[in-house]
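After this come two complexes, each holding chain A, first together with chain B and then together with chain C.
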Partner chain A sequence: MKKAITDLLLLGWFWVSGLLILVILLAIIIYLIWRGGPFISSGFILESPGGFPLGTEGGIFPAIKGTLWLILLALVISIVPGLLTAIYLSEYGRSGRLAEIINLLVQSMAGIPSIITGLFVYALGVVTLGWGISLLAGGFALAIMVFPVIVVSSRDALLAVDENYRLVANSLGVSKSYTLYRVIFPRAAAGITAGLLLALGYAAGATAPIMVTAAAVIASSSGALLEPVMALPYHLYILFNEHLSMNHAYATALVLVGLLLFINILALSLSSLQERINRH
Partner chain B sequence: MSTVEFIDFHAFYGQKAVLHNINVEFGPKSITAIIGPSGCGKTTLLRSINRTAEMERGFNSHGDIRVLGGSIKEVRNLSVLRRQVGMVYQTPVALPLSIMENVLFGPRYYGVKNRSDLDAIMEKCLRQVALWDEVKDRLKRPAAQLSGGQKQRLAIARALAVEPRVLLLDEPCSSLDPASTGLIEDLLTQLAEGLCIIIVTHNLFQARRISHETAFILDGRLIEKAPTQKLFESPDSPKTRGFVSGLFG
Partner chain C sequence: MIYRGLGLKEKIISSIIISVATVSSLLLLAMLIFILRESWPIWSQIGVSGFLFGSSWRPLNTPPEIGILSMIVSTMWVAGGALLIAAPLGFGCAIFLAEFAPRPLAAILRPVINMLTGIPSVVYGFLGAAVLVKFFEVKFDLASGESLFAASLILAIMVIPFIVANSEAALRLVAPEYRHAGIALGVSRQYLTLRILVPLARKGMFGALVLAFGRAMGETMAVLMLAGNTLRLPGSWFDKGEPLPALIALELGSTTPGSSHHQALFAVGLVLVLMVIAVNIGINLLLNRLQKGG
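So, the complex of A and B:
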């Protein structure tokens, strides 16, 4: 009887916590729609910032473009080392000493405050290598930031593939790379892609690493590697911090949240597809 | 000449010995059943032959095993050994590929490219396991759609496709219904005309039905190996007698 009451209390607790999170999330989105929604128009999305001070009029097109460039570059830089590390951990190193050390390192990397990553890339790329405040430096900083996310999500997607496949392949004497290419990787592809998308979303929302490496108040965001870019979170920060235009700040925030929601929903549907694949 | 020969073979997981001083031979063109209680080392013995046991962390061994006259410890390229020694596991495993590609998984790796060669290998192997008639119209469908018994026969076909000389089976029928079990037993009997087959089984009736010889293992020691009928009816060791008459298990 007493145990049943404990279960009931716990269950109630779960529900309250879950609802609380849902309420907070909905409140944020609704508030953004209420404050920012009326200012979103095709002009806001497709025009450059204007007015004086800058940003009080016009739109945020270069910031959208800049953010897309930044996350694309971050992905391009981090995808190969990220996937290779994940493959080493799941297929080659397994529970070996080196794999343990790498796992620890990746975990520690995930714990680095993103502003520290930003300052590191500022010192190394922006100053020492002479990149200046640039798309390249920002993409590099974001790549360092998302690398552990990619490693962990890809590793887990690979490890979730039925161990029996590896056993069977091994007893046929085929190489690990052949098994990986024919069986393991195709099997984990949806999960890996979901992880990459989550990493993209994480990069799109990050402000600290690009503040000191890539972002400018105004830029065309043409995609040139050695030029600064505008970015949604930084633009939002400027509008908000300098009290330039609260209306535009909320509208920018709404666009950013919309982009993140889109990416995350895509990632979620891919990972539920992966779960269905794993069950068969 | 024996096809597989254990010489003073010991195996350990960490400090714990799992096989003690095994000396045994397995001949060509015969089925040998390995019986014994759970945890006695049957599977380790089987997996030592194609050197998959050593993938387990902490596995260690001394002594030797010879396959077709060559020491497995001196094999430089494990694919050579694992091609000679096929293995089928307890759980029927269909790789997430088509039925056809399951059979051709090994041959493609070993460099068979010619379309008609590949087709010939596939048909031959599927016929050998009596699966051809059941699947010939859906070779390109996912193998996951097959039943458990069909998957297990497919697993045997996949192992046969690289032309092994030895086939190891680790309780291949323990998750199958009696009809599928019967099919697999029949095909093993046929395959034994050209292969050295070693089968670990929990099912003493199965051992009696299909094997020419039976080996009894207890606590990592080979107690007795004899022609199956003799081992079941007049074993030398009282321990064997106790086990086969169901006194312990």
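So, the complex of A and C:
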């Protein structure tokens, strides 16, 4: 009897904690839509912040633009080193000593707090190289932050490609780079793209690294490399922290979360497409 | 591997790939060395123990008082407290997904976990500050509801997905024979899970917890918006405090390069990053031993 009660309580614990995850996500989304939804309009998306102090009226267009610039620059900087490192780990190094070390370094990089990346880029880019608080410094910081994400996801996508393709190409005398370019890469493309999207989403939501390297309370975000930019997550922080406008803060949070969930869902469907490709 | 000797082109391609991979991964060491260099005057003038255990942070005084004990204590409270809340829920959810969840429900929950990790920390911090802190203020009639506890609560929500994903993977690695034997003996599903599967997966589950601890220590925005940001030594979980990442984020912009305030913030960064790396390396050694043992 006592045993049955314990079993029932345990079952309750498992179900409650399982369903809690779902409840949390739904609560966040519904609450943001409820509080922020009414304030989203074409004007909010397409206008610059206005009113006095700035941000109490108007919209968030420069912040959207700034975030897009930042993640684009981060991707441009990190994509080549990230992919090449992944290729080394999956195709060239495999289980060698160097690959083991690189794997460990990349893994440790993934664990580095993003504020530390910001601190490093602040000292190197903003101060020493004289970039100042700028789009360039922010893009560089975000690039360092997403580099391990790109490496790990692309490496795993490449490693998941059936080993037989490599063996057959090898036995036919096809060169390694040609095999990689024409056989392995296309078969891993969906998974790699999913990883890149995740990296973009990760960069778009990051606040701490751009707070010390790139973000301004107000800027035009024209895309000039050495100018500060506005960014959605930082704008949200400022709207709340400086008590500018709670309504705009909720609406900005909704736009940001909507953008990230969209990217996330796209990445998830690409990875399930990849799984289907791998099974064939 | 005969083709390796065949073309100069192949050799060039592979050496480019090797050098890019090596150089980009070495960036981590470059970061550490750079931060160490920037903070060097602090270590040589104040000393390691003076910096770590000094309890007064007045970097603008002459002479500056630079000690970060209260921030280290805050960091530990916030991150440790987050785990205290997240562990039972995260493990419960992992067990649920691995053993009990009906298939369609599990198929919904897994992407949900992914999406929770996709929500940025500033949004968690904002919601925590706008909803949770407000709730504390009204409910307990406080002047301000920010506290280490509030930060822990939100951090817990942020690290639960990581605990779930990693511990579920650990549970799934347990060989199916144990499950079959348990079922054949007629023990309940719950008994089987708690007494047989969890002990077998405990290293992986512990690893998930340690990894979450590292994340919680380095998290900036949520903590910045919720912990209250006072520089006093926190006496309890419900006091205000200012964890290390928040200190860096708040003060970096206002320092003059070359000042001891500036150098001190880099020393703070070095301490934080070494704490996180120590946790990561510890977990790697643990997992390697696990793989070799199994």
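One rule holds in what follows: the second predicted complex is superposed on the first by the 262 of 280 C-alpha atoms of A that agree within 3 Å, B and C clash if a C-alpha of one lies under 4 Å from a C-alpha of the other, contacts with A are read in each partner's own complex, and residues count from 1 in each chain.
Assume a residue touches a chain if its C-beta (ideal position, glycine included) is under 8 Å from a C-beta of that chain, and two chains touch if they have at least 3 such contacts.
Keep in mind it's a predicted model, so treat the numbers as computed, not measured.
Judged by the touch definition given at the top, the superposed model places A:46 against neither chain B nor chain C. When the two structures are aligned on the shared chain, A:168 is found in touch with chain B, with no touch to chain C.
Comparing chain C and chain B on the residues of chain A they touch gives the larger count to C.
Applying the stated contact rule after C-alpha superposition, one finds that A:95 touches chain B and leaves chain C untouched. By the touch criterion stated above, A:260 is placed in contact with chain C alone, chain B being left untouched. Judged by the touch definition given at the top, the superposed model places A:129 against neither chain B nor chain C.
Touch criterion met: A:144 reaches chain C, while chain B stays clear of it.
When the shared chain is aligned, chain C comes close enough to touch A:109, but chain B does not. When the shared chain is aligned, chain B comes close enough to touch A:183, but chain C does not. Residue overlap on chain A between the chain B contacts of one complex and the chain C contacts of the other covers 170, 173-175. Contact residues of chain C toward chain A in the complex are 3-4, 6-7, 9-10, 13-14, 16-18, 20-29, 31, 34-35, 38, 88-93, 95-97, 99-101, 105, 108-109, 111-116, 118-123, 125-127, 129-131, 157, 160-161, 164, 188, 190-191, 194, 211, 214-215, 217-221, 225, 245, 248-249, 252-253, 257, 265-266, 269, 272-273, 276-277, 279-281, 284. Remark: chain A residues 3, 6-7, 10-11, 13-18, 20-22, 24-25, 28, 31-32, 80-82, 84-85, 87-89, 92-93, 98, 101-102, 104-109, 111-120, 122-124, 127, 144, 147, 170, 173-177, 198, 201-202, 204-208, 211-212, 233-234, 236-237, 240-241, 246, 249-250, 253, 256-257, 260-261, 263-265, 268 touch chain C in the complex.
Partner chain B is touched in their complex by these residues of chain A: 95, 162, 164-165, 167-175, 178, 182-183, 186-187, 280.
Interface residues of chain B facing chain A in the complex, by the touch rule stated above, are 50, 52, 55, 57, 78-83, 86-87, 89, 91, 93, 95-97, 105-106, 109, 144, 155, 158-159, 162.
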